[in-house]
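First chain written, first letter: the chains are A, B, C and D, and each begins at residue 1.
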Amino acid sequence: MNGLTFDIAHLLAGSLVLISFMMLYQDRLFALINVFALHAVVLALSVAWQAYIQDAHHLYITAAIALVFKAIVIPVGLHRIIQRLGIHRDIETAVGIGPTMLAGIGLVTLSMVLMLRVTPEADPLAREDLAFALSIILLGLLVMVTRRNAVSQVVGFMSLENGLVLAATGAKGMPLVVEISVAFSILIAFIVIGVFLFRIRERFDSVDIGALDDYRGERR
Amino acid sequence: MAVIFELAVQGAQMLVVLLLSPLLIGFVRKVKARLVRRQGPSLIQPYRDLVRLMRKEVVLADNASWLFRVTPYLIFAATWVAAALVPTFATGLEFSWTADLIVIVALLGSARFFQALAGMDVGTSFGGLGASREVMIASLAEPAMLLIVFSLALLAGATQLSTVAAFMGSPEVGLRVSLGMSLIALVMVAIAENARIPVDNPATHLELTMVHEAMILEYSGRHLAMIELATFLKLLLYMSLIACVFLPWGLDGASAGPKALAVGAAAYLCKLAVLAILLAVFETAVAKMRVFRVPDFLGAALMLALLGTLLLFVSRSL
Amino acid sequence: MNSTVALLLCGPAALLATAILAAAASRLAAATRLVYGATLAISAVLLATAASHLAGNPGEASATLPLGLPWTGARFRLDGLSAFFLVVVNLGGTITSLYGLGYGQHESQPHRVLPFYPAFLAGMNLVVLANDAFSFLLSWEFMSLASWALVMAHHRDEASRRAGYIYLVMASFGTMALLLAFGLLAGPAGTYAFDAMRTAHPDRFAAGAVLVLMLLGAGSKAGLVPLHAWLPLAHPAAPSHVSALMSGIMTKVAIYGFIRVVFDLLGEPAWWSGVAVLLIGGVTAVLGILHALMEKDLKRLLAYSTIENIGVIFASLGLALAFKANGMASAAALAFTAALFHVLNHSFFKSLLFFGAGAVLSATGERDMEKLGGLIHRLPVTSFVFLIGCVSISALPPFNGFASEWLVFQAILRSPELPQWGLKVIVPAVGGMLALSAALAAACFVKAFGITFLGRARSAAVERAREVDRWSLAAMVVLAAFCLLAGILPGFVIDSLSTVTLPLVGERMPVQMAQPWLSIVPIAESRSSYNGLLVFVFITISASLAAFFIHRFASHALRRGIAWGCGFPDAVPAAQYSAVSFAQPIRRVFGGFAFRSRETVDMPAPGALEPARVKVEMHDVAWEIFYQPITGAIDFATERLNHLQFLTIRRYLTLVFLYLVILLLVLALWP
Amino acid sequence: MSGFSFDAVAAILFIPAGAAAILAAMPNYKMTALVNVIASLLTLLAALSLFVTDRPAPGQYLLVDDLNIVFIVLNTFVGFTTSVFSASYIAHELETGRLTAPNLRFYHAMYQIMMFGMNLAFVSNNIGLMWVAVELATLTTVLMVGIYRTHEALEAAWKYFILGSVGIALALFGTILVYMAAQPVVGEGTNAMVWSVLIEKAAHFDPALLSVAFIFLLLGYGTKVGLAPLHAWLPDAHAEGPTPISAVLSGLLLNVALYAVLRFKLLLAASPQAIGPGPLMVTMGLTSLIFAAFMLYRRRDIKRLFAYSSIEHMGIIVFAFGMGGPLANFAGLLHMVMHSLTKSAIFFAVGHIAQVKGTQKISEIRGLTESHPGLGWALVIGVVAIAGLPPLGIFMSEFLVVSSTFARHPWLAIPLVFGLLIAFGALLLRLTGVAFGEPRGGMAPVEASYVPMYSHLALVFAAGIYLPAPLVAWFQHVAGILG
């Protein structure tokens, strides 16, 4: 393939990683969600670009799902939930921003190192894609474990899943990509509904140990 | 013919020990009395006592069981058999091979076992006291005795008394440290086993000090006679044991003929007399020790015996 | 498939069938009689078969069933050793079933005993017959399981639940040790058949490891110190006839396992292995009997004395190992025979004693000796046979206990011929330990019999006691007879053991039945000899002579009166010596090092009215050194780890995340 | 391929799917329970028919070989017995009003969908399809765990859901990586996801990619296997869901995930330069074993107790497969089968016990062998079996694992034995409390269905003393495949 397409794909994937870093940096919920919306948009772009260069038309569907569902529906829904639960003022990082950023950098380097061990014969685009996808996934996980709030953990999970989609689309001619992205959208819908309906109160871990003990007779 | 002769010798020995043992006791008492400037009872006083006791009726405690009445005969029988199997004036008797030294020790053990039981039968506190102290003493004396047996057996390569005696009589023994230790240990054990001073006082009836006497407190009449006789036999047994192992001179096979036997008998009597005098002197010289000093006393015997056994290897290896 | 083995295998099968039927019909009234009758018959058949094999000595016979481990199959083999132990097991089984016919009637919940009793017997039989590692361990653990169920028969009281728990945990610890040992013997290829193991000789380290593992595995079942902790808890907790089986028979099965592996499969032993076994045996003997002396619960006392006898057996096995390692086959045969003979004897008198304890229990409902006393008047027959048991176990001539211990001592006297200095010095020391334990055993059983049966009744329960039923008495009388017979005719037993010793140590003891007057002569008559028969005859004759003469020529008048007691007024029965006070002198002598015991007397101030009190505190040293640290460590670990049950989801995610990162790092650093 | 055998495979999939549709529509719960049982039975029969008929050639999506047939038969069998058990269990729940009729309709439909998912996961010849199937099964179980709508149930379901989703994501990434590794060799398209193809070509794949992939797959599917430290969802899900689901979770779903892990282990073993899967699996297995063993001691909830014991046994199984070699693999397979049967039997018993005693608190249950002998002794036998005592099946597998390990790597056998003993102590301690002593708690007679639990236990017992030769040969062959 010629350099330009490669560079554009590279650029988009790279910017996804960058946005993941931005997410790590946010400590207000609204901001976080907005950044995630951006993440989704960029993902949609890169998927569309992949669809174009591989001319695999079914990928456009994936791109559309990403754009509509993740960039618009979910963020809006989350905004409403936050207002419902009245938690939009929370500062909710479990770990300080600084260490988080450092950890993030470490993770990115780790994924780079791992992927560079892959034999160069493999399609360079795929390699780059994988490296970026892996770092996005790890960063998403990092968001999940450094945030206390259910909503932000959902966001983290979704960014993780964006990484997956990126990898899947990067893999030439991989079947079932659309199905998988649909399945994941449903999964996320479940989570969001779960947050909303089951009134999992402010956090996943809201049900404190004491409560668990009372319910399960598991006090030591 | 020879068999009959040997049987006769065996029988003779049984009678000898039976008849001699009271005399030995009388002798010891006499000497002790002399040593403290007393006239003392006559030599045959023990015989008189026995006869008198046998004539008396038995007063039996209400809840004494059959065991209480059988025991005296068992004790007497066991001790008598044991005493009859120790070479006195001759070795290699007809039945000497029925039991070696270990068996003899064990026979005395059975006697003690039943005596202790009899002590507990009536259910007075003294009986239990005597029994528990007796078994405590025995629990130390018996291992010591067995270790002595070991060292003798390791030396003579046998536990058969006749063989041991023959070996000790033979020149190749020589003078050995371990033998000396075994001798001392054996004497200590003998003192404990026969309830002599300083371990126990056969003449006392002071509640807190008595051991042997406490067990037989409830006995009377012929039963008591049996037990007393057994005690006499036991003393004789130990003396003849010491005699035949450590002073085996004049001992000869039972088939050696009358002359040799006569020599042996004479030698035997002398040995007994010597040992009895030594015992009397010792008993008058020392004082009785507290009951809970006895373990130390016997522990010393045990250690001596073990040391003797171990030294044996060293002296062997040289 | 050999017919004898087939018959011997039908036995356990029948027993298992009985167990299943019992489980179905255990609530019937007649169930007890039926089950024990069936086990009695089956065990008798097995006993006859095994005995005839042992006597006939037609060598080995084996069979393989398509069960168990697929590619090995369930292999069974009958040789001298297994035949002998089959005799021990089934003799015990027969007599215990006889006893159970009567004793079982007292059982409150028969459905918790009847199904497991035949299963227990079957398990023991199968262990002795098994010829491959899998069947062996299967039967072994099945035996433990069945006996565990029997221990749990009285599950309502806390003590037996605890006993059962500790028992089964220790049992599976032992099984794991055996499993590892067999793993070593089988090798990576996994040849689990004993025949294959016999031919493959492991290297020195493996052999050493196997010996240690066997000491752990078989030792924990047999009750070697310090693995004995479960035994005095579990054996008494079971119904008395089961206690007899566990103490008298099951421990012997453990010894069989040890012999089978160490003498048969392991090949030539190293001399130090003898040292290890000797020392452990000696220490076990002394500590076991000291514990027994301190007990006041009759059945626990008996259980502890089992530990002592196990110690004696292991000591002489160690001696046999040492001799075998130095190629002194005849001496090894002597020691080995002594061990097996003691195995047989102990199975006799320990069963007898447990039966007696059971009779006392069913007559008075008491196990605590402090509440017994004077039973000799109430239970004449029981007390008589119990006395015989006590005399036998105290190693007093002319009974069987003495015969075997005498052989052990004879074997010890062969030790100077050993080349190694270590052995030369250690063996006599161990001999001293054994002598000590024998003397203490005599003391212990003077106490057991004296406190329980003699003196005056210490509780009202004794006054109401009645002699037990015919079945129980029959069983006990038979055993007492065995004790006497084995004691006065040891030569017979020794000769029938020759088929066992010959293949295992390569030599046998000289033929004894040929000796004049049926006396036994281990090496040569000039060295040592013993004739139980004559000793017995002499004692009887002279005792009856004495009695005759006295009653003939002297007085036989007799008057009953109150006890003399140095003229003290007749005190209450409580004033008698109790079990604890009887043991006090010995506790003073040995308690210091064995129990770290301390006596404290607090005297009231002069003129104060309260009584003076003597406090004795004793420690079970083995428990404190070995078991408490382990339980403590487990407690600590669970406490710490338990926090992981209560983390928040975020923390769990963190765990996953960290694990992922760590693995990725590992991969990144992978060469 | 012969027409009938194709039917067999299809039947395994379509019977549950169809049944689910029907059940979703049926109002009457008695009928639904019955239909549920019948459907499960039919599925079982279809699975058994796989033995007699010749197998279909591996297609793009479906595959039947010696490896997965073990799992399929086990799966359908336990599914059937569980459905029988759940019929009686659910009836009781309805009486006590913990569940309502609509709940039940949902429940049964979900049950069949779950069976469908698991069967699909087994027969799928396509790593993507397998992934989808596993997730389907997981999601359905999540819904069933939460079915009681109590606070704890929702909490448990939520925990399961979140951790499960992360697992899903990781597994998917692994799958993608495998595809990426295969794609240059096999070429684009579905072929690069087909097992039968992958296995052949695995030697030429990029080892580095494969290694990364395996790590993600091990963690992703390992979360479902419940290996420590990824186990967190498992105890709560078992404790709070309906007991039939606990039984299915322990007995089946864990096996599904394990099956996936095994498949990928094969793939990795075929590529020599990649990291050896053995050490990883051995480490995870030992960790899970020892960790779970210690966790057993402080449990107060009886279902959670046995959930942890499931973790422990999964640890043993993974350890065995990690060790590899004919003996260990054989033992691993045997152990897996035995554990499924035993553990589900235990949960059957525990379900009835919890119902009759009205509590799951261990401290409030005493003397079962006296108050309810049927249940009590079933529990005793079950625990004795799960603790690895003879003459029951798990003893044989543990015997093989331990002895073969000790002969090869003694230092690995020590922690193994240690963990086994620790776990044994805990299980026996709890058993002694629950089954013996003064009876406590509800005394009401229970109308339990003893057939499922005792049939399981009977099978386990039979396997403990006798394994039929064909079964052995077949297991040995599979063990050979697993290398």
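The rule we apply is simple: a residue touches a chain if its C-beta (ideal position, glycine included) is under 8 Å from a C-beta of that chain, and two chains touch if they have at least 3 such contacts.
From a predicted model like this one, the values you see are computed outputs, not experimental measurements.
Novice: If you check the contacts of chain C and chain D, which chains show up for both?
Specialist: Common contact partners of chain C and chain D, which must touch each of the two, are A.
Novice: Moving only to chains each one touches, count the minimum steps from chain A until you reach chain D.
Specialist: 1
Novice: When all chain pairs are ranked by how many C-beta pairs they have in contact, which pair ranks first?
Specialist: Of all chain pairs, the one joined by the most C-beta contacts is B-C.
Novice: Which chain's C-alpha centroid is most distant from that of chain A?
Specialist: B
Novice: If you average the Cα atoms of each chain, whose average lands nearest the overall Cα average?
Specialist: So the chain sitting closest to the middle is C.
Novice: Just the number, please: Cα centre separation of chain B and chain D in whole Å.
Specialist: Comparing mean C-alpha positions, chain D is 79 Å from chain B.
Novice: How big is the gap, in whole Å, between where the Cα atoms of chain A centre and where those of chain B centre?
Specialist: Here the centre of chain B sits 99 Å away from the centre of chain A.
Novice: Counting only Cα atoms for the centres, state how far chain B is from chain C in Å.
Specialist: Chain centres of chain B and chain C, defined by C-alpha means, are spaced 35 Å apart.
Novice: Indicate the whole-number Å distance between the mean C-alpha point of chain A and the mean C-alpha point of chain C.
Specialist: Roughly 69 Å, centre to centre.
Novice: Return the residues of chain B touching two or more other chains; collapse runs of consecutive numbers into ranges.
Specialist: none
Novice: Please set out, as single numbers or ranges, the residues of chain D touching at least two other chains.
Specialist: 158-159, 162, 166, 212, 298
Novice: Please set out, as single numbers or ranges, the residues of chain C touching at least two other chains.
Specialist: Residues 639, 642, 645, 649, 653, 660, 664, 667.
Novice: Of all possible chain pairs, which ones touch?
Specialist: A-C, A-D, B-C, C-D
Novice: How about chain A: which of its residues touch chain C in the complex?
Specialist: 94, 107, 110-111, 113-114, 117, 138, 141-142, 144-145, 147-148, 153, 203-205, 209, 212-213, 218, 220
Novice: What part of chain A is in contact with chain D in the complex they form?
Specialist: Contact set of chain A toward chain D: 114-115, 117-119, 121-123, 126, 130, 133-134, 137, 141, 144, 153, 157, 160-161, 163-164, 167-168, 171-176, 179-180, 183, 187, 190-191, 194, 198, 200, 204, 207, 212, 215-220.
Novice: Could you please specify the touching residues of chain B with respect to chain C in the complex?
Specialist: Of all residues in chain B, those touching chain C are 54-63, 65-67, 73-74, 76-78, 80-81, 84, 95, 97-100, 102-103, 106-107, 109-110, 112-113, 116-117, 120-129, 131-133, 135-136, 138-143, 146-147, 150, 153-154, 157-160, 163, 205, 207, 217-218, 221-222, 225-226, 291-292, 295, 302, 306, 309-310, 313, 316.
Novice: Touching residues of chain C toward chain B in the complex: what are they?
Specialist: These residues of chain C touch chain B: 373-374, 376-377, 387, 391, 394-397, 402, 406, 409-410, 412-413, 416, 421, 424-425, 428-429, 431-432, 435-436, 438-440, 442-443, 446-447, 449-451, 454-456, 517, 519, 525-531, 534-535, 538-540, 542-544, 546-547, 550, 554-566, 568, 571, 573, 575-577, 581-586, 588-589.
Novice: Touching chain C in the complex: which residues of chain D?
Specialist: On the chain D side, the touching residues are 158-159, 162-163, 166, 170, 211-212, 215-216, 218-219, 223, 229-230, 232-233, 235, 275, 280, 291, 294-295, 297-298, 327, 367, 369, 384, 387-391, 395-396, 399-400, 402-408, 413, 417, 420-422, 424-425, 428-429, 432, 436-438, 464-467, 469, 472.
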